[in-house]
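Accompanying notes for the structure given below.
As written, the chain order gives the labels A, B and C, with residue 1 at the start of each chain.
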């Protein structure tokens, strides 16, 4: 019996060792990528870099202002579309979990989440770009919004489902009408969870390239018009990294660094929000 | 059966055992008196201690049930009745012991003719019967039987009322028998109290079974004071 | 009867086809404390929730019959209005976690968008917390969230929240089941004090509590109202054998 125990202990230690080892292994790619991009990109970033559009081929200098502004604008418009729609859908799904509509729309949301981003881009191309006859920032925003929706919907639904029924009951028993119960009690209590879902969805789409390929298309100049093509960070990285010019390669590294920092900061902000603003139930 | 039911049944059994003991005390005291058996009388005095310890035990058991179980309704009424019946039985036991003491203290046996002319023997028999019947009423929760006790106690009261006269006759007939005659008078008074104690017990039985209170009502008219 | 505040007439409740509350007729007077007791699943909570129309919020829940509040059938009135007129306190204390103590007390006004001046709000908060025997303990932390309060204090906060709406009738659904004995005691003490200004209906699993706090007690069994009488009478000499079996613990 004692020999068996000894053997079991050894097995246990070995197993633990393997698990810890693989945990380390997983962090390696992230660390390698981070280190490399930071190394390559950080030297590119300066005030000039951030406030100028790319220089024509051959000229030195230039920056990524058009891509920065474009990404910002398009993600904002996408958010304005996706957040209300997504929250409402999430609220419906959490309040009426057993209806047929909930089942089928939930199914659609899950399917949508798995649709390849380039397919989303192609669909928006046929819906909006072709009829309008031009690439536009709006179509790019719409494509991004479609990609944001599943995340916003599901995280809203999950957050609200976790809230105890007693909260609703307390409000209803005070004679509060249903819409106010949702808007003034349920959603505020689930605020941290919903907000973290939103920031996660933004972090996700800010780095999407494929849907913007046939929609926003790209623009070497700084533009604020939603009906004209617009540059975005991931698209700029794609174009410039695959170009034959060294200057443009440098721009791509710098842009990669900026993008990476954005995503990193958004993820950290999400974590902080969840911890700090989570309502203690 | 719940623990509470078990404990209440145990209290019932205790009371019945005490009842049996008190009945035998009363019977033995009578036998000792009639046959002038001083040894039997001493036995009665010794057993009186057992009656007292029964009383203490029943009191304690009831107290424990109150503390631990918060009894209500019929359980509550039963325990309140049990406490009072306990006290009544203990007093009857005391009476039996004091009759036995008379037997021990008396130099001469009691004259049979005197006992009969005063109806003391008849009274004694009836008192013993009443006590037996109250026990039956308690065991069977028979409130009809309990109600019949009231009228029968009247018989004892009549004999008691006449006692002064009947004993005076005995003394007049034979002045030297005055000591025994006085004993007989005392015994008659005590037997009347046995009747009263039994009547109290009957009232308690009706209280706990029917939640009707018959206390302090005029003689044998059990007009109910309901607990409503 | 002038003094009647709540009257149920042939009231029945269903969950789908399940007949949960059967033909209840009961009349409750102002400023009474009524305890409603019975074994699990006997319909007492369902009946209680029928009074302030919380029952119908459950899918497939229906009811028949009348419940009169001050003479008017609550089922003819606007449900939201009924719920605002009747206060309810639940088994688990449920103060709103995103609101401060101050805001919790006036939540009924806040959430309904009812405009009240700051001075009036202060008065309502102080009055309600005092009636709930909580004012002294929280008056210096009114703007903190209520999460640091103990279970008993949270429950009293919920009571203050219900009182702030000035109901005539307050319903309690097993209000002390989730509390420790000392908190339970303080809430029961509160019932005695609230009686002067409100009518209380308290559903409880705890017979001793029903005996301690109520004037009259209703005993429900398998959906029926078996007995409704003065508490003293109910616990010394109940009329129905089923009641007696329940209170003496003879149910197997």
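Just so it is clear, a residue touches a chain if its C-beta (ideal position, glycine included) is under 8 Å from a C-beta of that chain, and two chains touch if they have at least 3 such contacts.
Predicted, not measured: the structure shown is a model, and the values here were computed from it.
Undergrad: Taking each chain's centre as the mean of its CA atoms, which one is farthest from the centre of subunit A?
TA: So the chain farthest away from subunit A turns out to be B.
Undergrad: Name the two chains that are joined by the greatest number of C-beta pairs in contact.
TA: Ranked by C-beta contact count, first place goes to A-C.
Undergrad: Where the CA atoms of subunit B average out and where those of subunit C average out, how many Å apart are those spots?
TA: 53
Undergrad: Could you grab the centroid distance between subunit A and subunit C? Build each centroid from C-alpha atoms only and quote it in angstrom.
TA: Computed value for the inter-centroid distance: 47 Å.
Undergrad: At what distance in angstrom does the C-alpha mean of subunit B lie from that of subunit A?
TA: Using C-alpha averages as centres, the distance is 94 Å.
Undergrad: Can you list the subunit A residues in contact with two or more other chains?
TA: none
Undergrad: Quick check: in the complex, which residue numbers of subunit A touch subunit C?
TA: Of all residues in subunit A, those touching subunit C are 98, 164, 166-167, 169-177, 180-181, 184-185, 188-189, 191, 279-281.
Undergrad: Which subunit C residues qualify as touching subunit B in the complex?
TA: 207-208, 211, 233, 235-238, 244, 247-250
Undergrad: Could you list, by residue number, the parts of subunit B that touch subunit C in their complex?
TA: Per the touch definition, subunit B meets subunit C at residues 2, 4-5, 70-77, 211, 227-228.
Undergrad: Considering only the defined contacts, which subunit C positions touch subunit A in the complex?
TA: So the residues of subunit C in touch with subunit A come to 52, 54, 57, 59, 80-85, 87-88, 90, 92, 94-98, 107-108, 110-113, 145, 147, 158, 161-162, 165.
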